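Look for chain A in each of the two complexes below; its partner is chain B in the first and chain C in the second.
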Partner chain A sequence: MKHVILKSLAVAGLAAGLSSAAFAQPKTVTIAVSIPAATHGWTGGVVYHAEETAKQLEKLHPGLKVIVKTSPDGAAQANALEDLMAQKVDALVVLPFNSDELTNPAREVKKRGTFITVVDRGLKDASIQDIYVAGNNPEFGRVAGKYFVDNLKQGNVVVFRGIPTVIDEERVTNFEKALEGSGVKVIDKQYANWNRDDAFRVMQDYLAKHPKIDAVWASDDDMALGIMEAIRQSKREDIKFVLGGAGMKDMIKKVMDGDKMIPADVSYPPAMIATAMNVTAAHFYGSAPMRGTYVLNAQLITKDNAKDHYFPNSPF
Partner chain B sequence: MTENAIPTTPPPERRRFAFDLRAASPFIALLALILLGAVVNPDFLTASNLTNVVTRSAFIAIIAVGATFVIAGGGLDLSVGSMAAFTAGLMILTLNKLGGAETSTLLMAMGVALMVSAACGLFNGLFVTIGKIEPFIVTLGTMGIFRSLVIFLAAGGTITLRDSGMREMYRPIYFGSVLGIPIPVLAILAVAGLGALLLYKTPFGRHVVAIGSNEDVARYSGVPINRVRLLTYVIQGVCVGIAVLIYVPRLGSATPTTGLLWELQAITAVVIGGTALRGGVGRIWGTVAGAVILELVANIMVFSNFVSEYLVGAVQGSIIIIAMLVQRSLQRAR
Partner chain C sequence: MKHVILKSLAVAGLAAGLSSAAFAQPKTVTIAVSIPAATHGWTGGVVYHAEETAKQLEKLHPGLKVIVKTSPDGAAQANALEDLMAQKVDALVVLPFNSDELTNPAREVKKRGTFITVVDRGLKDASIQDIYVAGNNPEFGRVAGKYFVDNLKQGNVVVFRGIPTVIDEERVTNFEKALEGSGVKVIDKQYANWNRDDAFRVMQDYLAKHPKIDAVWASDDDMALGIMEAIRQSKREDIKFVLGGAGMKDMIKKVMDGDKMIPADVSYPPAMIATAMNVTAAHFYGSAPMRGTYVLNAQLITKDNAKDHYFPNSPF
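== the complex of A and B ==
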């Protein structure tokens, strides 16, 4: 399998470039997209980007039909895959709820000769997928850690963890690895469940416990918003900045506007579903090889590139 | 629990004595926890930290006062967390729709919030009383319904209060204080005071305890079972509404994760406070102490330097169980 590292924009550009071929020989292709329903902010973003991309792709390739189907849980998604197969689709783009539950249903789909693109959470059996598009959690932690080393140089940092999962573990261990040997010290870390209210509570406690905090790694934009409110209430001046993560539009806006407390953000874009859909469409409407693994960079978003990450109409 | 079985007139001397010891035990547990916190980290005992903790417990405390009525009456409401999120969502949408930063706008949105939550409570109550469905099932169902409605309203994202003028005007309801006491704490005192008055000093309160203690006996005694039970759910709804009025100004937003697991926290607070989960006993002030205990335990966890963040849940659970043991042994000692 060929490992390629691409940015979503580059892929979109590639797909657009290849589209000219489509006008020469209109070809009917049906792509099914199966994603989790919008049960929290990030998946809300996934749904938005899937629907937007479906519209764009159908306009770009006249013979193309894209069906977007959302499911509230893993079992429902397995059923949805069966229903989609009954409609005879050429390709399936799937962001699985979890690896275990959806590996077998996806294998059944594969047996019918359907082209399979897996997004974000990998299946148990990698031979099922033709294309794999994923975010990069270890790098998410690394990029954040490097930002603290470069910009804070030395000082005390408090860390907010999400929900105890592999994703969270990969992010935090790599964050701490990136700090090794620098003057930046993690003085406290606690779980706040990627939740605004919990982050508010933990930040109030951090502020009461530690007389001097130089910066905060919120590791998530929702948590960063709760943290900001706690800092504001305490009227403390020692905290230089808060670094979030994911790329929520409110936070990107703050970065764009040059908010001193929110100088940057680290991306973990729900738009990766768009990358996957574009690459899948390019497989059918172009001649370039597309099979492989695409790992999206966790990018540092600063004032200079914030515009590229700002989607004012997205719910996230 | 002999003195609680029938809420008619028990011998006054004995009752007052038993009541005092039992009612005091959650507060003794609370004091023990404060001592523990002081041992764990001296910074714990600062006025600002303790004020933060009590202020934060306001949502659960106020909701749990409502839950005390429902549980004392032999019912259960699992939908309060979702109901809070749904009410908060609708309240913010109302504020956004009306626009501007006038007091009248805010009052109107507050009215909407209270009406929505009372209606949600009425909805639960009607299914329990007229529909004759187990409260566990009804409120489990409405828990899902209210939660999905918020997700739907937010399109999976966040419902945020847009007008920054309104945001600033409303903010002091959570962050402000009167005579040095934070407004949310005053709200706890007011709600609990009214609740105690209603539960201990009115016929309605005695009816609630009667139907929770023994429904058949209450029915034969002429207690209007359905009306009383329905009202407990409406009271629960109104309490959720009041909690939302304090919740919204804090972060100015509602998300699909707002109020997650609040129902469990509220029920835990009620039980820690000495109300029997099977009904028939209700202790309003104990419930308030229970809510503060829950918030305090979480606070002490952050302040301790020796508990790994992986084990916080285990230590938290142990402290709650030990606190209950302390209480029970105090009660047996009488």
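== the complex of A and C ==
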């Protein structure tokens, strides 16, 4: 019976004009991708890029199945990982909500022999991961600082910090180091939690306190939106530009269009999930060693290269 | 005329039973790979993996052309990069002989708008590279040290250093750090230039000086071969094992076969050229950000995972 089926498949293949090579069994691999749901802008981008890349990779590798699973919070994501163990998955690509809740569930998945790729936020035990893909936070600050030195040359800058974290500290420390010896001075810096409304309020405070502000390091595109609104309402004209960060679609569009207030951005791409999925698939398809740590560049996005960072169909 | 040709192509396509999707123009990309010729074991592995991966990637991405060019020395490699500029290449993957001779030629290639991936040995100006792929030298030492702590537990170890370089320093420092607080003692360490004959002589010296040696950190598979020969000639039976490094085929085979003197190895894979070619191709095929630094793990290779590191057709 088996023989008969194979034979008729062969006939169908010949009829369709396919070579016998098409009958080589494609390697079957299942990759699960566990990510936060689109609860805010950046994670919305993560979801978009994960789904697009799943399609691209499945097309590229016949036999590959990619399951993208979004979770609304850390506890739900921990449960999602437990559910995955019931299925047979060869690899897990996980962007954890947080290290505390996801470290143990990820360790359990690993114990089943699953290949683990961690993205952006590390787990508490690095030995769990086979691959780690992350953005470059020190460089994010350095690139931004260099932009002020090269383009403002001298003047007063106000700085927005995110949430007190290692990430924020690395960014701000390297921003200030990049300004050393230049005519660019930081006259104020406050936390605004990577939040648009908080940044709006902090910017109102800066505008009230400082009669002359030459430029703003928003350090984040969500915060940049709140800052822009505060500047608009104040009708102040001393501020030459605002530099955000992350690569939000609306901001990249402004850069592309030559908006004078948003002349540039610094990348911290939600598409890093796509990078992680690519290198994970490459582990299974091909013979290259892929286990390691992949730190993506923080790139200065200007009018010249903005189109490489613009994804009009992404929500972010 | 153009119309007629397209029409007859369409007819040929239908005759072959292909769907119209097959007519979507595949994206044309040319990647040049510039590597040292197979002047010694490790670079022989680099050449093998570059050529194998070129075939794999060309099969995966219709429209991709990969040109692998080997050079016998740094000056020849610099000339090879100049020749490449006459051709239209979209990307260059380069494992430089050395930083001094290759930095300027690589910069010139970059100026033409070519995407640059640097492998293993960095250039003097990191801003030239879009991607950097390298081994993890501190981890290479740490993993080896941990192996001695876990398996020898206590005893006298002699250490072989390579050539006085940053790489060697990072390896040895982290090896010794991993031994701290354990019963494993380094009783001697000498340079043997990652060379088999030098290691043979240094091991003869160690054997003459030290009446009791429990294990040897060769730190390199070429050196391990010389060391094994010196031990064999001495007929000494106090040495329990020799730990090399790199992933040489003959050594991996011994690990697979359960050779008591070579129970493990630490990876520093020549196949990192394949990793570099994979991530470079992914930059062109797909939308994931790939610019960054990819540091591959130094992995402990034991009987359990040796088959993943064994390439019987490779010269290394």
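As a convention for this text, the second predicted complex is superposed on the first by the 291 of 316 C-alpha atoms of A that agree within 3 Å, B and C clash if a C-alpha of one lies under 4 Å from a C-alpha of the other, contacts with A are read in each partner's own complex, and residues count from 1 in each chain.
Heads up, the rule we're going with is that a contact is a pair of C-beta atoms (placed from the backbone, for glycine too) under 8 Å apart; a residue touches a chain by one contact, two chains touch by 3 or more.
Not measured: the values here are computed from a predicted model.
**Student:** State whether A:136 touches chain B only (first), chain C only (second), both chains, or neither.
**Tutor:** second
**Student:** Quick check on the superposed pair: does A:269 touch chain B, chain C, both, or neither? Answer first, second, both or neither.
**Tutor:** second
**Student:** Determine, under the contact definition given at the top, whether A:52 touches first (chain B), second (chain C), both, or neither.
**Tutor:** second
**Student:** Go through the superposed model and pick first if A:304 touches only chain B, second if only chain C, both, or neither.
**Tutor:** The answer is neither, since A:304 touches no partner chain.
**Student:** Let me test your reading of the model: by the given contact rule, A:201 touches which partner, first (chain B), second (chain C), both or neither?
**Tutor:** Touch status of A:201: first partner only.
**Student:** Taking the superposition as given, does A:290 touch the first partner, chain B, the second, chain C, both, or neither?
**Tutor:** second
**Student:** Can you name the residues of chain B that touch chain A in the complex?
**Tutor:** 41, 43-44, 46, 48-49, 52, 56, 151, 154-158, 160, 175, 250-251, 253, 255-258, 260, 298-299, 301-303, 309-310, 312
**Student:** For the complex, give me every residue of chain A touching chain B.
**Tutor:** My answer: residues 37-41, 43-45, 47-48, 161, 164, 188-191, 193-197, 200-202, 204-206, 208-209, 222, 225-226, 229, 233, 250, 314-316.
**Student:** Which stretch or stretches of chain C touch chain A in the complex?
**Tutor:** The touching residues are 15-18, 49, 52-53, 56, 60, 130, 136, 267, 269, 271-272, 274-275, 277-279, 282, 285-297, 299, 311.
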